[in-house]
Amino acid sequence: MKTLILAVAIRIFIPLFVIFSVYILFRGHNHPGGGFIGGLICAIAFIFHIMAHGPKDTAYTFFTIKYFRKAHQTGRSSVSSVLVLVYKNLFRKKELQAAPDWLPRQWRVDPIFIISCGLFLAATSGVFGLFLQQPYMSALWADMYLPVFGKPGTPILFDLGVYLLVLGVVLKITFVMAEE
Amino acid sequence: MLIIILAGLFLAFSAPLLYKWLGKYVYVPMALYPLAAFVYFSSYLTDVLGGQTIFAIHRWAPSLNINLHFYLDGLSLFFVLLVTGFGTLIMTYAGGYLKGDPLLGRFYMYLTLFMVAMTGVVLSGNIFCLFVFWEMTSLSSYLLIGYKHDKAGSRNSALQALLVTGGGGLALMGGLLLLGAVGQTYTISDLLNRGDLVTSHELYLPLMVLILIGAFTKSAQFPFHFWLPNAMAAPTPVSAYLHSATMVKAGIYLLARFTPVLGGTDAWQYTLMAVGGITTLLGALLAMQHTDLKAILAYTTISALGILVTMTGIGSEPALQAMLVFLLAHALYKGTLFLVAGNVDHATGTRELDQLRGLGRSMVPTGVAASLAALSMAGVLPFFGFIGKELLYEAALAATTFKALLFAVSFFSGMVFVAIAIVLGFKLFWQASSRPTPMLHTMSPALYLPPVIISSVGLLFGLFPAALVTPILRRAAEAMLGVEQLFELALWHGFNLVLGISMLTLLLGYGAYRYSNRLHTYAPRLNPLYKLGPQRIYELGLEGLLNGATKLTQKLQNGYLRSYIFIIISTFMVLVVWVLAQTGPVLDLSGRWQEIRNARLYELVLIVLLVPALLFLFRTRSRLTAIAILGMVGYSIALFYILFGAPDVAATQLLIETLTVVIFVLILHKLPEFRFLSSRIQKVKYMIVAGLFGCLMTYVTLLVKQYPLVSGLKAYYGENSYLQGYGRNMVNVILVDFRSLDTLGETTVLAVAAIGIYAMLKLKLDNEH
Amino acid sequence: MEILLPILVGILFASGLYLILHRHFFKLILGIIIFGLATNLFLFVIGRLTRGNTAIIDDDVTIASEPFADPVPQALLLTAIVIGFGIQAFAIVLIKRVYQAFGTNDLDDLDKTDKIHEELLSEGNTQKYDQQD
Amino acid sequence: MQHILLVLPLLIPLYGAIACLFFWRKLGVQRVIGVVTQLSLCAASAYLLYKTDTTGILTTQIGNWQAPFGITLVSDIFSSLMVLSSAIVGIAVFVFSLRGLSNARQLFGYYPLLLLLQMGVNGVCLTGDLFNLFVWFEVLLICCFVLIALGGSKPQLEGSIKYVTINFLASSFLLTGIGMVYGILGSLNMAELAVLVRSAEANHGLITLASIFFLVAFGIKAAIFPLFFWLPASYHTPPIGISAFIAGLITKVGLYALVRLFTLVFVLNQDILLPIFLVLSGLTMVIGVLGAASQVDFRKILSFHIVSQIGYMLMGLAIFTPMAIAGSIYFVIHNILVKTCLFLISGVVYRTYGSFALKKLGGVYLQQPLLSLLFVIAAFSLAGIPPFSGFWGKFMLAKGGLEAGNYGLVATSLGVSLITIFSMTKIWNEVFWKKKPAPTEEAARVIAEANTAHIGVLRLLHLPVVVLIVCILFIGLYAEPLVNLALRASEQLLNTESYVNAVLHK
C-alpha cells in the first residue's frame, strides 16, 4: 500500500476529510449527519493514513504537539511559568527556535485523552441545566443563528462531544491494532 | 431479661480476648455469668410460684410480627434454671478440663453463645423468636462438636449434627409458619388459647408433622437419633451440657410448650408414643452393646429422651408430671455421669470399658459422684431418680391406650438403666481389681467438684422433694395442662404395686448386668442390621447427593459453548411456542402474496442476492472471502435502510461496516485458518435449530406487524423537533436532545470498548509459549 | 415488501445462529456480527416501514407532515448499531487473543474453566500477578 | 433538588471515570479520585434513599421533555436501595483492590472501568425508560466484558468468550423485545407502557409474547436455569477484586430489571407467566445448589451459589404477593452484600495461602481467628440461619409462599437451604478447620510473599470485609429497617398507580 501516489493523496485528503467531517457534524441537526457520522468520517481519514504510513508516523504527524520548554527556574511560581510557556509557544514560536535555553519537546496526545475530552464535553453539556434548577440535559439555546453552524446551543456541544469521542475511540482501536 | 441475653452475647464474643488477658482464670467471668443469670431468674421464683407469668416485649422486626418477646412461666423458669444452673458448673468444669488449650477462649465463646441461645429458646414468647434461638443452638452445637477440628471424625460428626438438626430446624420453620398462619398470631401466650382453632384446621396435620420433625431431630428421636452418639466427638463438658442436660431437651421443651396448642389429638398422641417408644427401646438396646463410656451414656440419653417423648405423648396429668420429674432427674444424674466419664477419660486417656478398672482408689470424689448418680439412675430409694421412675410406672399404668406396651417399654428401659448404672457406679470404681488402670493426671477440684455437687443435688431433691422441687414443677405442669396442679412428690408411697415393680426392675437389671458381657460378644453379629439403619441412609443420601450433583453438573456445565447456546435458544423457542399456543394471536396470511407483488424490483434483487451470499459464507474456506461477504451483507442492509427513509442509519451502518472490515483486515493474519470442525450430524442438528429459530422470528415479526401501530412519540417528535428542538433532522434531535441520555450511555460503551481493546492487546499477564 | 423483509430477518437470524453454533472461532465471530445485523433489522422492520420518506422536516415547514418515517426506531437503531459495534469490536479482538493464547481455533478446546477439576490450567494462574503491593 | 439528586448516581461515577481517564498513567491520582468518587457516591446514594423514603417516588425528566417523550429517571425505594447497596459494595471492592489487585491491572483502566460499571448499574436501577434500560445494561455489560478479560490470562480469556457470546445473545433478545414492545404499544416509557398495557385495547397475546423476550434476556443476565451457563464458566476466572464486584452485583441487576418489568408492565396473562416463573425458580435453586455442592474450589462454590440464590429471588416474583416480593427485595440486598463479602474473604485467603482449591487449603481457623469469625457470619448469613440476614429474606419468601399456597416451592426452598448449609460448611471444613496440607510450590511462594508483606497490607484487605460484615450484621440483627423498606418497596411495586402518577402526571 505504501505507494508514493497514495501517500501523497492521503496527505492532501486528510485536511479535506477533517473539514468535511466537521461540516457533517454541524449540519447533522438539520440534515443527515451528526456527531457520530462526522467522527467516524474524520477517523477513517486517519485510518487511511495509518494504513499507508504506519501508526508511528501518523501519531508523530498528527497527534504530537511539538513545543519548547525552558528548564524550571527556582524562585518562579509554576503557574506563571506555565503561562509563559503557553504564551511563548503560541505566539512567539519563531523566537523560541532560536533561543538556546528553550529546548524542543514533544507531547504525544494519546487518543484516550481525546476520548475523555469528548466524554467530558458530552456529559458537561447537560450540567448547565442543573444549575438553572432544570433537569439534567435540559437544552439551552442562544438566541441567534450562525451560517453552517446553525443555532448554537448545548445539544450542539453534546454532539461535538460525541464527535470527539468517536474519533478518539476509533483512533485508539486502530492505533493499538496496527501496532500489533 | 433482654439485658441478660445481650450481656451473654457480649461476653461470648469477648471470651477470646478475656482468655488473652486472664489466661487459665478465664473460667471465672465465664462461670460468673450463668451464676448471675441463675440468681437473676431465681428472683422471679416467688412471682412465678405465686402463679404469675412475666412478660417483656422488645421491638425487633415488628413489620413481620417477630419481636423479642420474653415470657416467663413455670415451664420456662424450670428450664431456664436448669440451663443456667448447669451452665455455672459446666463452665467451671470446662476451665479445668481444657486447661492450657490454646482455643479455650473460642470454646468459651461457643459455649456461652449456646447457653444464651438455650436461655432464649426457653424464654421466648414468640414462636419465631424461639426459632431464632433454636437455630443458634444448632449453630453453636456445630462449632462445639467440631471443636477438635483437626480430626476428620469430629468434623464429620459436627456436620452430621448440623445437617440433621438444621434440617429439622427448617421443617420446624415451615411448621411454625403454618402454625402462625393458622393461629393468626406468633405470640405463644395467644396461641395457647387457640388450641381448638389449630387442631381443627385442615393444615393441622402437616404443621404438626413439621413441628414434630423439628423437635425429634433436636431431641434425637428415632429415626434421627444417630447424630447424638456421633456428637460425643465434642469435649466432655459439651456432651454433658448440650447433649444430655440441655440442648436435646429443647425438643422436649418444644413439645411440652405446644402441648396445649397441638396436643390432645390422636395423631399427636400416637405419633409421640410410637416414636418415643421405639426410641426408648432402641436406645436401651444399643446402650447395652457399646463399650465406650460416652457412647453408652449417649444411647441411654436417647432412651431417656424417648421416655420423655412417650410421656408427653400420653398427655395425661400423671404422665406429664412424670415427664417433668424424670427430666429433672435425668439431667442431674446424666450430667454427673458425663462429667465422670470426662474425668475418667482425662485421667486415664481412655473411655473403653475393658481397659478401665479399679479407678475408685485414685479418684475418690469422682467415684463417689459416679455412685451417687448411678444410684439415682438405677432408681434406688432415697434418690430423685427413684421418684422419677415411680411416676413413670404410674403414668404408664394409668394410660388409657396401649397400657401394656407402654409399661413394657418403660420397664425394659428401667432395667437397662439399672444394668448400666451398676457398670458405671460400681464396676468401674469399686470392683476389686488386681491391676487398676494407671492414672495420667491427678484430678483438680474444678474437675471433681461439679459432678459431686450435681449428684448431691440429686440426692437432696430425693430426700426433700416437697420443699425443693414440687412448687416449680407444679407451675411447669400447669403451663402444659392449663389447669392448676396439685400434685405432691413424696419419696415414700408405701408398699404398692409400683414399688414392687421397682424392686423387680432392680433385680432384673442386675441380671442384665451379669449377662451384659455375653451381650458384647453377640453385638457384632447385629452389625449388618445397622447397615440398614438411618445412619446408613444418611451416609448414602449424602454420598448420592454428592455423586448425583457432580454428574449432573458435569453434564450441564460441560464447557461447550455451543451446547450452552443450544439450550438457551431451545428454551427460548419452547417458551415462545408455549405462550403462542396458550394465548397467541394467529398470523393472518391472506393478502401476503399481494404484498410480495408490490415489492419493487431492486428490493427483490437485493434479497435474492443476499441469500446465496449467506449460503456461500457457510461453505467458503477463505477468510478474506468471508470478510468480503460479510461486508456485502452489511452494505445491502444499509441499502434497505436508505430505501425505507433512514439515511442516518444507513450512513452509520455503512461506516461501521467499513470499520469492521478494516478491523478484520488489521488482525486477519493473526486469525486462524478456516477449518470444518463440526460433524455432519451436528451440522444437521444446528441447521434445524437455526432454521426453526429463523422461522420463529419471522413469524413474530409478521405477527406484530399484523396490527396497526399508534405511536404518540412519532407525532410528538414530528411536531416539536423543529419548534422546540431547533433541528429538522428528527433522528438527530432525538439523539442529542430528546433522548440524549441514551447517547451518553452509548458513547460510554464505545469508550469502554476502546479501553478494553487496548488493555486486551497490551496487557498480557500470561506468558505465552 | 411487508413480507419480504421479515423473511430476510428470519434468514439472517438463522444464519447468524447457525454460525454461532459452530466450533470455529472465526465462524463464531461472523455469527455474532450477522446475529447483530439481524437484530438491528428486526428493530427497524418492527417499527413499521415507510418507503422513501425520511424523518427530516422539510425546509419550508416547521411541523413534519405525514407520511414521514417514524424517527424513533431509527434513533434506537442508531444507538443499537453503535453499541453493537463496540461489543463486536471487542469480541473480534477477544477472539484474536484467545487464538494467540491457546493456539487453537476449536471452541471445544476451551472447556477447562467449567470443569470441576481444572487439570490443565494451573490453579492460581489467574492471580499470579496480584501479589505485588 | 430532585433533578440533581437523581442524576448524581450517574454523574459522580461518570466524572470520576473521566478524571481517571485524564490521568491515565498516574495510578496515585486515580486512587485519590477513586476514594473521593466512591465516598461521594455512597453519600449521594444514601441521601437519595433517605429522600425517596421520606417524600415518595422521585422523578426527573431528562432534557426537560415531558414524560413519554423524553427519558425519565425514577427512584422508588427498590431502586434507591439497589443504588445504595451497589455503592457500599463499590467502596468495599475499591478498598480491597488497592492492595488486592496487581498494579498492572490497575494501570489498564481498572478504576475508570469500575466507576463506569457502577454508573451502568445505577442507570439500570434508576431509569424509567425501556430503551434507556438497554443502554445502561450495555454500559454495564461491556465494563464486565473488559474487566473479566482484564489481564488476559488463559482462564480469563476462556471465561470471557462464553460470557461475551451468551450475554451478547441476551442483549439481542432484549433489543428485539424492546422493538416488539414499541411495535405493539408505540411507547418506551415504562409508566406509559404500564398504562397502555392495562387499557382495554391492549393485545394480551402479543404483549405476553413480548414479555418472553424480556424473560429470556434478563433470565440470561440474572443466570436463571437453564440460561445460567455463562456464570459458572466465567465468574471465578478474574482476580477477586473484579469478580467480587461482578459476582455480587450484576446478576442481581438482571433480577432487578425482571422484577421491575414484570410488576410494572408485563402483568397480563399471569396465569401463564407465573407458573413459568415458579418452575424456573425451583429448578434454578436446585440446580444451582447441586452445582455448588459438587465443586471443590472456593470461588466456584460461591459462583454456583449465586445461581441458586437467584432462584430464591425469582421465587418472590413467582408467588407475586406483597410479602413474597418484599422477600425477594430483601434477599437481593442481602445477597449483594454477603456474596461480595464471601468473594473478598476468598481473596484474603488466597492472598495469604496461595490457593483456591479446597484440598490445598486448611488451617485458617488457627492462624486467622478474625477471618474465620467473619467467614462464619457471612456463610451462615448466606445459608439463611437466624438471626443472620439471610434468614429474614427466606422467612418472608416462605411466609409469602405459604400464604399463597405454594407449598411445593416453599418446601423446595427450605430443602435447598439445607444443601446451602452443607456446601458452606464444606468450605468451612476444608479451608478453616482442616489441617493444612503441605503447600505446593506456587502456594509456598505466595505464602512467603504474604509473610514478607507489610502487616498493613493484610489489614487493608481485611478492612472491606469487616465493613461488609458490619452491614450484614446490621441488616440481620436489626432487620426491622430493611424489612420495613422492603415491604414498602414491594407495595410500591405492586401499586403501580403511584409510579405512573409520579412519572406521567407531575
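Chains: A, B, C and D, in written order; residue numbering restarts at 1 for each.
Here, contacts are C-beta pairs under 8 Å (C-beta built on N, C-alpha and C of every residue); 3 or more make two chains touch, one makes a residue touch a chain.
By chain, with names taken from UniProt: A = Cation:proton antiporter; C = Na+/H+ antiporter subunit C; D = Na+/H+ antiporter subunit D.
What you see is a predicted model; the values in this text were computed from it and never measured.
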Furthest chain, CA centroid comparison against chain A: B
Any chance you could check whether C-D or B-D wins on number of contacting C-beta pairs? B-D
Gap in Å, rounded to a whole number, between the CA centres of chain D and chain B: 25
Would you mind pulling out the distance in Å between where the CA atoms of chain A average out and where those of chain C do? 30
If you average the CA atoms of chain A and of chain D, how many Å lie between those two points? 39
Going by the contact rule already set, what residues in chain D reach two or more other chains? 14, 21, 62-63, 102, 104-105, 131, 135, 138, 142, 145-146, 149, 151-154, 161-162, 165, 169, 176, 180, 182-183, 188, 232-233, 294-295
What residues in chain A touch two or more of the other chains? 30-32, 36, 112, 115-116, 119, 123, 126, 136-137, 139, 169, 173, 177
Can you list the chain C residues in contact with two or more other chains? 20, 28, 38, 42, 46-48, 54, 56, 72, 76, 78-79, 82-83, 86-87, 89-90, 93-95, 97, 101, 107, 110, 112-114, 116, 125, 128-129
Mapping chain-to-chain touches, which pattern fits: line, ring, star, complete or other? complete
Residue ranges of chain C touching chain D (in the complex, touch as defined): 20, 28, 32, 35-36, 38-39, 42-43, 46-48, 72-73, 76, 79-80, 83, 86-87, 90-91, 94-95, 97-98, 101-102, 107, 110, 112-114, 116-118, 121-133
Complex interface listing, chain D residues touching chain C: 99-105, 131, 134-135, 138, 141-142, 145-146, 149, 151-162, 164-165, 168-169, 171-172, 175-176, 178-180, 182-183, 188, 232-234, 236-241, 294-297, 300, 350-351, 354-357, 360, 442-443, 446, 449-450, 453-454, 457
Under the definition above, what is the set of chain D residues touching chain B in their complex? 14, 21, 62-63, 65, 68-71, 102, 104-105, 108-109, 112-113, 116, 119-120, 123, 127, 129, 131-132, 135-136, 138-139, 142-143, 145-146, 149-154, 161-162, 165-166, 169, 173, 176, 180, 182-184, 186-188, 203-206, 208-209, 212, 215-216, 220, 226-227, 229-230, 232-233, 269, 272, 276, 287, 290-291, 293-295, 304, 365-366, 369, 376, 380, 385-387, 391-392, 395-396, 398-399, 402-403, 410-411, 414-415, 417-419, 421-422, 425, 429, 432-435, 478-480, 483-484, 487
In the complex formed with chain C, which residues of chain B make contact? 550, 553-554, 557-562, 565-566, 569, 592, 595-596, 598-600, 603-604, 607, 610-611, 614, 617-618, 623, 626, 630, 633-634, 637, 640-641, 643-649, 652-653, 656, 659-660, 663-664, 667, 670-678, 686-687, 689-691, 693-699, 701-702, 704-705, 709, 711, 713-714, 717-719, 721-723, 728-731, 734-735, 738-739, 742-743, 746, 749-750, 752-753, 756-757, 760-761, 764-766, 768
In their complex, what parts of chain D are in touch with chain A? 3-4, 7, 11, 14-15, 17-18, 21-22, 24, 60-64
